[in-house]
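Shared between the two complexes below is subunit A, which pairs with subunit B and subunit C, respectively.
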Partner chain A sequence: MSTNIFAREHKIQAQQTRVSYYFLLPALLFFVVFVALPMGMGVYTSFFKYTMSEFKFIGIDNYLNLFKDEIFVRSVKNTLIIVVGSVPIVTIFSLWLATIIYNMNSFSRSFFRAVYYLPVVTGSVAVVVVWKWIFDRYYGILNFVLQGLGIINKNVAWLGQVDTAIWCILTILLTTSVGQPIVLYVASLGNIDRSLTEAAEVDGATSFQVFWRIKWPTIMPTTLYVVVITTINSFQCFALIQLLTNGGPAFSTSTVMFYLYHNAFKLFEYGYANAMGVVLAILIGVFSALQFKVMGNKIDY
Partner chain B sequence: MKKLLALVLTMIMVLSMASFAVAEGTTTVTWWVFPTFGQPDGAAPGTYERTIADAFEAKFPNIKVEIETIDFQNGPDKLISAIEGGTAPDVLFDAPGRIIEYGKNGKLVSLDDLFTDEFKADVASEDLLGACSDGTTYWMYPISSSPFFMSLNKDKFESSGAIEFVNLEGDRTWSTEDFLKALDKLNEAGELGGSVYCGGQGGDQGTRAFVANLYGARIANEAKDSYTIGSDEGVKALGLIKELVDAGKLEAGTDIVAGDEIKLYVQGILPYSICWGTSAAANNPTDFEKISVPFPSDDSVPELEYLVNGFCVFNNNDDARANAAKELIKFICDDEEFGPKNVLATGAFPVRTSFGNLYEGNPEYELLSAFTKYYGPYYNTMDGFANMRFEWWNMLQSILVGTKDIPTAVADYTTNSNAAFAK
Partner chain C sequence: MDKAKLTPYRLISTLLLVAVSLTFIFPFYWIITGAFKTRDAIMAKIPEFFPSVWSMENFDKLFINPAWQWFANAVIVSFASMILVCLTASMAGYVLAKKRFAGRALLFSMFVAAMALPKQVVLVPLVNLVSSMNMHDTLWAAILPSVGWPFGIFLMKQFAEGIPGSLMEASRIDGANEWQTFVQIVVPMLKPAFGALAIFTFINTWNDYFLQLVMLVKRSNLTISLGVATLQGEYSTDYGLIMAGAALGAVPIVAIFVAFQNAFTQGIALGAVKG
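Showing the complex of A and B:
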């Protein structure tokens, strides 16, 4: 009797599993065709001298050449500067702003969420055009304001100087990156059990202790998500560079993604570009794994 | 319900067969166009091209033309994606730089059969014919050509006194010495100098012509097998430019490209443009009077860069489409009515001498026509040209921001460009 019940349950479960896979099938098909297959082809062709007219197996030569390529090495350094510079600032800044916004009334909260989210939903070309105008050497508002304040005495080519261009890119990246974390943090702060924070306050905990002991651990899953997504987006920084500086001046803003694009679309070195893509994917994977390892242990779901 | 479904499916099948019957015998060619043709009364891109296509379809009812407009910003990337994805257009209207590269890589149909003896004899110069070929095969069928030159803001040159050093007679050729004196005058009057723009690749022929002419350097050698700005003359010119930038007499345009430079000139911020041409003139009206001049050179005999507009046919493994595409480009370039009309729409000079003087009575075009005798060797079809362009603006940036000294920057440029040539 019990064997029959067990067998029937097993059969129903198998049937349900099968149905679940049927439901997953369309999405899986898209994933395989548009993600997994191109990724596999990217890795495969990175071992070839692959240009417009050539397709020849060359083993790991593309990878060896990468590390002899000064521009690629420079691009990796710039990418790391962007990642290391943007991730902590985006995370801290968005958490700070979200805390302020969360304590506002519902109208103001919605208003500021919309304001900070606006650059995320605005097309990158439109955002870049506005920033290009701000940084413009001849009629940009930044030069106008700084000269008005007496901070500079002549116009500065913000995007045309080695020591300022990368900071301009970082600044723009920050404005386009904080929108989503702010919205997520505001939502996450709303999920904190009020009875816990109130009990702690009654027991004499300071604001800092309430934040550090109760709020911070509770919003840790959101923080992990924000950190990982910001890291990936920063590694893939491309549109800003292409539209603003073309990687210059003197490669000071060239990133791996930009150099990859340049090799693929301007020089038709598809295999070499794919090798860069593989290296970039490995870098992103390593960084993300480290973040999961370090921060994931502190998460109590 | 089942009957209804069956009816719908049957209708779809019948309609499909009917449309196939209509389409049978008709060849459709796709034509991708950069915004090279001027549009009537500021109409949307592609409007003028549609009138050509309509006239062509009327003459060849068995060929249908589909037009897709692309821009200079994203068009080249879109083309590469289409070529590698097997969805290349049949016809492209572009210039030799990209077209010859596609041809060398086996992406195009040979146009040797269009280069008849009659056509070759009719073309204005051997250099123009050379620009359409990689040395063995013709890949581009040319329609028009025009020089790149400088445009000066007459008001600024007059008010600063710099006009004194500009030759307004004859072909308006002028010397490097006079150009430097004009820069001094502009500087004394508190005007900015021109910009050595190098924020990207676009319009880089302007900076190349400017640098090369100052002391008679060449971008490539006569044999077109080596990039040669590393010559003494080239290094001297780059040294002069760096000095002028440091002295505030020229602008280090490390943050702008040619389009920005043209905009700044048109807005009256820069006193001259080194990226001017017939297309720029047509698309950028100004509030001030302009003076067209060739680039200054040490011997007052400039070597000018020039644009060649032409068509290529992509190899889509379909002879019918390739032949239809060839008919289309012959119609656009050679038709008795549309040929000259299309040349005028490009704002350039016809490559066919038989079209005669299309700009009769236009003094500006008569001057520009005189510039054509200063056309320099056409090196845009050399191997490694795309790589050389990348190296060029990065070399200028390194020199202007001072991350490399001039000999090192030039040596790196020469080594990398020639390595790309040899690949």
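Showing the complex of A and C:
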């Protein structure tokens, strides 16, 4: 009798598994062919001298060469500057905006949310080409306005030199990065239990205390998520660089992603480019793991 | 209580909010007005904040290029990605949320790991792979790889977890098979998730640049964002022409976003905050 039940249960279980895989099959097929397989190929070929005409195993030479390659080192440095510059600003800026927006009436809330999402929706190409015009040395409105205000006295080639170009890049990156964090923060601030904050206020807590003691810990998971996705996106900064400065002048504004593209699709150094991809993935992995470690244990699940 | 007292902090931050908002709106405004400015107005010493003459010359120049073809390609690519993502993600997300089966935990952590990895890292091998399938420089090359990314599966799983098991139980007792249960019970319950994911995928694909850049080559195969980038490469300071292209690409997608804003923001908030 009881063995019967077990046998039956086993049969149901097997049947459930079979059905589940039928449903998973399409997604898995796409995932394996277009994500997992290329990932494996990327790692594998990073150990080869792999060009249009050559395919020869060379061990870790590609990796060794990377660190001797001045442009690559420069690209890593620029990428880190962009990440370290953008992540804190994006996080703080979007949290600040969200605290103002979230308790507005629903019309204003939707309106401002949409405003900050606008650059994301407009798309990276359109956003970058218009900013390029705004920054243009001769026809850009930025030079005109700043001269009118007396801040500068002759036109500046904002994109023509590294120290100003990196600020232009960060500015544009900021406008295209805060949209999603604001949406997330507005949602999670709106989910905070009103009775908690009200009780604290009745007890005489200042709004600053309410924020730090109640709201900040509650939205910690959102902050972690925002920090992680902003880091990943900043690491992969590409369209912005390619369309705004094309890595120039003389690769001084190149990022890892830009240099990877240059090697793969201009120089056809596939193996070398794939080694860069692996290094980039490791960098991103290390950063994300650190963020989880530092912020994750402050979260009450 | 929130109909707050007008403290100095509140006043200052509201003013700042408005100022910052203008900075975010300005580029879009500059695209639209720039698209209609004459070449003289764009080259003028004193920029026109508002066009004194509205001209179509930039659009005339734009359509010497196959801009409608680019537009149509973007529609095809975005639409196809949207359908495929919704279909595959809803099926996978449903069973991951509602069924207990061998390998479930492993599969799920595999999807999570892939989400955390930068997707552009695999583009070089992806191009080689797609070339070996004879799909390089076809629209398929810009569609199929984007379906493999598991974000949609997470979103669908989040929503599917909220479906009461008793509903599916009842449908089974009524004699429906698994597929009928999915189509008749689960899909209608997932409607908000479909809405959010569909808009999200459409906008993302429309604005994608890198994947399309490495996959599409022939001038007639480009999408609108690639086309605009090409124009920038060829006529670097003809800003009027470039803005006309940017406007053609941006205006429809912004209109779609504004129309579906609420479904969209709720969707990404739900998918991310809980996941």
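Please note the rule applied: the second predicted complex is superposed on the first by the 278 of 301 C-alpha atoms of A that agree within 3 Å, B and C clash if a C-alpha of one lies under 4 Å from a C-alpha of the other, contacts with A are read in each partner's own complex, and residues count from 1 in each chain.
Assume a contact is a pair of C-beta atoms (placed from the backbone, for glycine too) under 8 Å apart; a residue touches a chain by one contact, two chains touch by 3 or more.
If you're wondering where the values come from, they're calculated on a predicted model, not measured in any experiment.
Contact with subunit C, but none with subunit B, is seen for A:Met39 once the two complexes are overlaid on the shared chain. Shared-chain residue A:Ser20: touches subunit C; no touch with subunit B.
In the superposition on chain A, A:Phe265 contacts both subunit B and subunit C. More residues of subunit A lie in contact with C than with the other chain of the pair subunit B and subunit C. Within the superposed three-chain model, A:Tyr117 lies in touch with subunit C and out of touch with subunit B [touch as defined at top].
Contact with neither subunit B nor subunit C is seen for A:Val294 once the two complexes are overlaid on the shared chain.
Applying the stated contact rule after C-alpha superposition, one finds that A:Ile60 touches neither subunit B nor subunit C. Common to the subunit B-facing and subunit C-facing surfaces of subunit A are residues 139, 264-265, 270.
Those residues of subunit A that touch subunit C in the complex are listed here as 13, 16-17, 19-24, 26-28, 30-31, 33-39, 41-42, 45, 96-97, 100-101, 103, 110, 112-127, 129-134, 136, 139, 141, 144, 175, 180, 183-184, 186-188, 191, 198, 201, 221-222, 225, 228, 232, 235-236, 238-239, 243, 257, 260-261, 264-265, 270, 273-274, 277-278, 280-281, 284-285, 288. Partner subunit A is touched in their complex by these residues of subunit B: 76-77, 80, 83-84, 101-102, 104-107, 198-201, 252-257, 264, 269, 386-387, 390, 393-394, 397-398, 400-401, 403-404. Residues 51-53, 137-139, 157-162, 165, 245-246, 248-251, 262, 264-268, 270 of subunit A touch subunit B in their complex. Remark: subunit C residues 1-2, 13-14, 17, 20-21, 23-25, 27-28, 30-31, 34, 42-43, 46-47, 84, 87-89, 91-92, 94-96, 99-104, 107, 110-111, 114, 116-129, 144-145, 147-150, 153, 178, 182, 203, 206-207, 209-210, 214, 225-226, 228-229, 232, 237, 239, 242-243, 246-247, 249-250, 253-254, 257-258, 261-262, 265-266, 268-270, 272-273 touch subunit A in the complex.
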